[in-house]
Amino acid sequence: MSDTTKKPSGVMALANPTRFLSLSDALLPWLGGLAVLLLALGFYMAFTAPEDYQQGITVRIMYIHVPFAWLSMFCYTLMSISALGTLIWKHPLADVSLKSAAPIGATFTALALLTGSIWGKPMWGTWWVWDARLTSVFVLFLMYLGIIALTRALDDQSRAARAAAILTLVGFINIPIIKFSVEWWNTLHQPASVLRLDGPTIHPSMLWPLLVCALGFTLLFSTLHIMAMRTEIWRRRVTTMRKLSARKAEGAAS
Amino acid sequence: MLSLYLRDLKLAAGAGSGALTGALFFLAVIAVIPFGVGPDLNLLARIGPAILWIGALLASLLGLDRMFQTDAEDGSLDLLLMSDSRHMLALIVFIKCLAHWTTSVLPLVVISPLLGLFMNVPPVGLMAVALTLLVGTPAITFIGAVGSALTVALPRGGLLVSVLILPLTVPVLVFGVAAARGAIADPDPFVAPFLILCAITIFFAVIGPFAAALALRNAE
Amino acid sequence: MLSLYLRDLKLAAGAGSGALTGALFFLAVIAVIPFGVGPDLNLLARIGPAILWIGALLASLLGLDRMFQTDAEDGSLDLLLMSDSRHMLALIVFIKCLAHWTTSVLPLVVISPLLGLFMNVPPVGLMAVALTLLVGTPAITFIGAVGSALTVALPRGGLLVSVLILPLTVPVLVFGVAAARGAIADPDPFVAPFLILCAITIFFAVIGPFAAALALRNAE
Amino acid sequence: MQLAVTDLGGERGGEPVFSGISFTVEAGSALLVTGPNGAGKSTLLRIIAGLLVPAEGEVKFLGGGEKWDTPAAAAHYLGATNAMKPALTVAENLTFWSRFLGEIRCSVDDALEQVGLWDVGHLPFGYLSTGQRRRVAIARLLMCHRPLWLLDEPTSGLDRRSEARFAELMRGHLAEGGLIVAATHLPLGLDNTQELQMAGRA
Amino acid sequence: MQLAVTDLGGERGGEPVFSGISFTVEAGSALLVTGPNGAGKSTLLRIIAGLLVPAEGEVKFLGGGEKWDTPAAAAHYLGATNAMKPALTVAENLTFWSRFLGEIRCSVDDALEQVGLWDVGHLPFGYLSTGQRRRVAIARLLMCHRPLWLLDEPTSGLDRRSEARFAELMRGHLAEGGLIVAATHLPLGLDNTQELQMAGRA
C-alpha cells in the first residue's frame, strides 16, 4: 500500500490503510445489520403507507427509486471528495475510495434509471423520454463508466489514480445539472419535493417511509463501499507482495 | 496471421479502445442527440437509423487514420513488408482491417438495436439497422485502410488523402440509411439498396487491401 | 507563445488531415440526415440547427486524442513541461487548444452556413448557428484537451477520449442549439441561452487548461 | 549462401546518396558498413532489405533455395526502431513476432535469457530502458532463424556487458554459416570481417 | 552555481529503481552517470529535470538567482528522443525552440555550423539520418543558453568526427562555468569529470 501513492511515504501511508482495515472490521457487521433492519422497516412502512390518489399502487416504486436516485448523486459527490483527497492531500485511502465507489455508483445509477423507467411506463405511458432529468442521469451513468474505463486503461496505479481524480472533478458539474434540471428545463419528471430549501412538500405519510428507505439504502451503500475498499486494499497489498518476491527472485537470479 | 489479428485486438483493448469503450462511445453519441433535436420521440425514430450510421462512421474514423501509422513509427511495418513472401501483404492489410472492425465497430453493431430502442425505432427497423450496419460498416474500414496507408506513404499529403478517401464512404452511408429506412417507411424499397450495400462492401473488401498494400510498398 | 501557436498551425497544415477530415465528416453527416428523415423540407429546416450542432460536435472529436500525443512521443512534451517556469503550463495548453481549434474546428464553423442552406435553414438561422458554433465550439476543444491529456500515455485512445468528453459537452450542445433555435422560432429566447453558452465556454476555457496541465504533469 | 550486391546506387527523396557499390558476403562472414553520418549506411541496409528500391544495380541472395530466394525473405532487419509495441508485454511482443516470422529456433524465455534479461517478460515493453529495449529487439533475431542479419547500429544503447554478449551471439551466428551486414560507428568485436567505408557527400 | 542532490530515491511504475544517491556538481565541472542497462540513469536525469517526482530526497539548483531557481528552469534536457517535428524543416524546428526557450545565444545557422551541418537547414527534419538528427538536437543546446546540461546518451548515433566535435562543445560549455550531467555508456572525452556508478538491481 505504501508504494501505491508516491508522496506520503512512511507512517501515514502505512498506518492509515491498516487502521482502516481493523476499524472497518469492527464496524462492518453493525453497519450491515442496521442497513438490513432499516430497509425491512422502511419497506414495511412503505407497503402500509396510503396509496397516492392518482398514482395508485405504482407509487410504491418511489420508495426504491428515489433513494437510488439520491445515492447515485451522493456517490459521485463522495468520489469527487475522494478525488480532492487524492490530488490535494495525497491521502492513500482517497484513491481506494474513489476506485471502489465507481462500480457501486454505476450500479445504483443503473437501478435509478431502471426503476424510473419502470415507473415511467404507467405514469408517462413510455419507458423512456429524453427529457433533461432523465438524460442527465443517463449522462451520469456514462461518466461512471468512463471513469471505470479510464482506470482500467492506465496500468500504472498512481498515474491512474490521479487521472481518475481529475476526470471525476471535471465531471462534477453534471451533479448540479441533474439536481436542477427539473427547474431549468420543463420536464416530465416531477420537481424536488423533499430536498427543497423551503421544506418538503410531500405528505408526511409518504415522507417518513421514504426517508427510512433512503437512510437504509445509504447504510447499504456505505457497507458495500467499505467492503469494496477492503478488497481493493487487499488486492493492492497482494500485488505489492508479488512485486517484492519477484524482485527477490530476480536478485537471486543474477 | 491469427497472431497478427490477436495482437491488434490486444493493442486496441490495451489502448482503451476495446469493445467496451466502443459500446460506451456509441452510448455517449446517442445520448447526445436528443439534447440537440429535442425529446420528440417520433422525430428521433425517423432520424434514428441515420444517427446510428453516423455514429458507426465516426467510430471507425476515430481509430482508422492511425491503423498503419503506429506500425510505421515503431518499425513493425518494415517487418510486415519484408514478410511479404511468407504472408501476402494484401492479406496482412485485410487482417488488420478485420481487427480494427472487430474492436471499434462490431460492438456498435451489436448494441445498435438496444440504442434504436431508446430512440424508439420500430422493431423491424432495429433489425434492419443492425443488419445494414453489419453488412455496410466493413466497407468503411476497408476504405479507411487505403486512406491510412496513403498517409503513411505520403506523410505530408494528409489533406489530399482525406479528400480522396472520405467521400467514398458517403455512398456506403447513403445506401445503408436508405435500406434501413426502406425497412421502416413502407413506400421506400429495402432490398435494392441493401443489395447495393453488399456489393459495395464486397467491392471494397477486394480493392481496399490491394490498394493499401500497393501504397504501403511505395511508402518511402 | 506565439511561436508555439504558429508551429502547431504549420504542423496541422503540413500533415493536417484533421481539419479536412473533420469538415468532410461534417459534410457526410449533413448529407446523410435527409436520407434518414426523408424529403420533408420544413422538418429539415426545423431540426437543421440541431443537426449542424451535432455534426460539428462529433466532427470536432476527430483528432482531439492526438493533441498532446505527438508531442509526448517525440519528446517535445518534456521540454514544454520543463519550461513551466517561463511559460505557465496551463497557458501552453490554452495556446495548443487555440491552435487545434483554429485548424480543425474553425473550418467547420465557416462552412456551417453553407451546409445549413442544404437543410434549408432560414438565413437568420444560418447566421445564428454559425455564431453559436463560433462561441460554443471552443468549449468542446477545452474539454477535449482534458480528455486527451488524460489519455496521453495511450497510443490509440481515440474512442476513450470521446467517451470521456462527450458527456461533458452536453451542456454546450444544449445551450448552443437552444440559442440557435431561439433565433428562428420566435417564442423561444435567443439572448439568454447565448449568454449561458458564452459563460460555459469561458468556464471551460479556465478549467480545461488547468485540469489538462495537471493531467500532463501526472502523465509521467 | 551468398549476398551479392552489384554496383548499387541509392537515392533518398530524389537525391542520390551513393552509387556504384558492389560487394559479396559469403556464408559465415560479416560486412561492417562504416562512414560519417549521412553517408547512406541505413539507406544501403534498407535497400538490401527490399524496403527501398535501388536507383541502379541490384541485390541478390544466392543459394538460399526457394525458401530464401530474396534478401527480404532471408533477412532479419534490425533497424533504428525496435518494432515492438510499448503497450504489450515483452513476452507478448516476442511471441507475436515468433509466430508471425516462423522458423522458430528457441522459446521466448531462452531468447530473453541469451540477451541477459530473465525477468522482464511480464513487463510492458514501454517500461523498459533504452538498452533493455534494444536487447529485446535482439532477442527477436535469436528466436526465429534467418541466414542473413541486417543490423543498423545494433549496439546503440547497450551497456558493455550486453555489447560483449551480443558480439558472442553474432560470432555464433557466423559460425553456423550465417551472414551479417552491420552499419555501425562502434567496433563490434568481430574478427575476420570485411569493411565497407562509405564516403558520404559531407 | 551548483547542482545539489541529497539522498535521492527514484521509482518507476511504483517500483524503486535506486535510492540514497547524493552528489553535488559545481560550476565548470561534469558528472558522468554510468552503469548497466536499467540501472536508472535516465530515471535519475528525468528526476533532476523535474519530469519525474522523486520517491525521496531532493534536488536543488543553488546560486542561479531567481532566473534559474529550479533545475528545470536552469537545464537543457537532451533525452533519448530529439524533440523535433519530422514534418517541419530543421530551420523551422530550431527557430521554434529558440523562440520558445529564450535566452538566445546564437543564430540557427551558427548553431548548425557548430555541429557540422551547413546544408540541411531547408530539409524536413524527418529526412535526416539518425546521427544528423542527434546533431540537430545538440544544436538546440547551443542556441539557447542554460547553465545546466542534462544529457542522456548524447553521442548515440554520432560518427567519430561529430563525437570529437561534441566533446569540444562540452568543454567550451564547462569552460564558461556551465554544468553537465551526462548518462552514457561511451567515454565522452572529457577530463576532470567525476563519475557516478549506478549499480542497478541486475
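All chains are identified by letter, namely A, B, C, D and E, in their written order; residue positions are counted from 1 within each chain.
The definition used in the following text is that a contact is a pair of C-beta atoms (placed from the backbone, for glycine too) under 8 Å apart; a residue touches a chain by one contact, two chains touch by 3 or more.
The chain lineup, named per UniProt: A = Heme exporter protein C; B, C = Heme exporter protein B; D, E = Heme ABC exporter ATP-binding protein CcmA.
What you are looking at is a predicted structure, and each value in this text was computed from that prediction instead of being measured.
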{"item": "Chain whose average C-alpha position is farthest from chain A's own", "value": "D"}
{"item": "Top chain pair, ranked by number of contacting C-beta pairs", "value": "B-C"}
{"item": "Centre-of-Cα separation between chain D and chain A, whole angstrom", "value": "55"}
{"item": "Distance from chain D to chain B - Cα centre to Cα centre, in angstrom", "value": "37"}
{"item": "Intercentroid distance (Cα basis), chain E paired with chain D, Å", "value": "29"}
{"item": "Separation of chain B from chain E, taking each centre as the mean of its C-alpha atoms, in whole Å", "value": "45"}
{"item": "Contacts with 2+ other chains: residues of chain D", "value": "80, 85-87"}
{"item": "Touching two or more other chains - residues of chain A", "value": "135, 139, 142, 145-146, 149-150, 153, 156, 250, 254"}
{"item": "Residue list for chain C, restricted to those that touch at least two other chains", "value": "14-15, 73, 151, 154-155, 157, 160, 163, 166-167, 170, 174, 220"}
{"item": "Contact set on chain D toward chain B in their complex", "value": "46, 49-52, 69-70, 72-73, 75, 77, 79-88, 92, 95-97, 99-102"}
{"item": "Parts of chain B lying in touch with chain C, wherever the complex brings them together", "value": "11-12, 14-17, 21-22, 24-25, 28-29, 31-33, 35-38, 43, 46-51, 53-54, 57-59, 61-63, 65-66, 70, 73, 104, 151, 155-156, 158-159, 161-163, 166-167, 169-170, 173-174, 177-178, 181, 185, 188"}
{"item": "Chain A residues within the chain C interface of the complex", "value": "87, 132, 135-136, 139, 142-143, 145-146, 149-150, 153-154, 156, 159, 162-163, 166-167, 169-171, 173-174, 177"}
{"item": "Of all residues in chain A, those that touch chain B in their complex", "value": "126, 128-131, 135, 138-139, 142, 145-146, 149-150, 152-153"}
{"item": "Residues on chain A engaged by chain E in the complex (per definition of touch)", "value": "3-4, 6-7, 9, 156-158, 243, 247, 250-251, 254"}
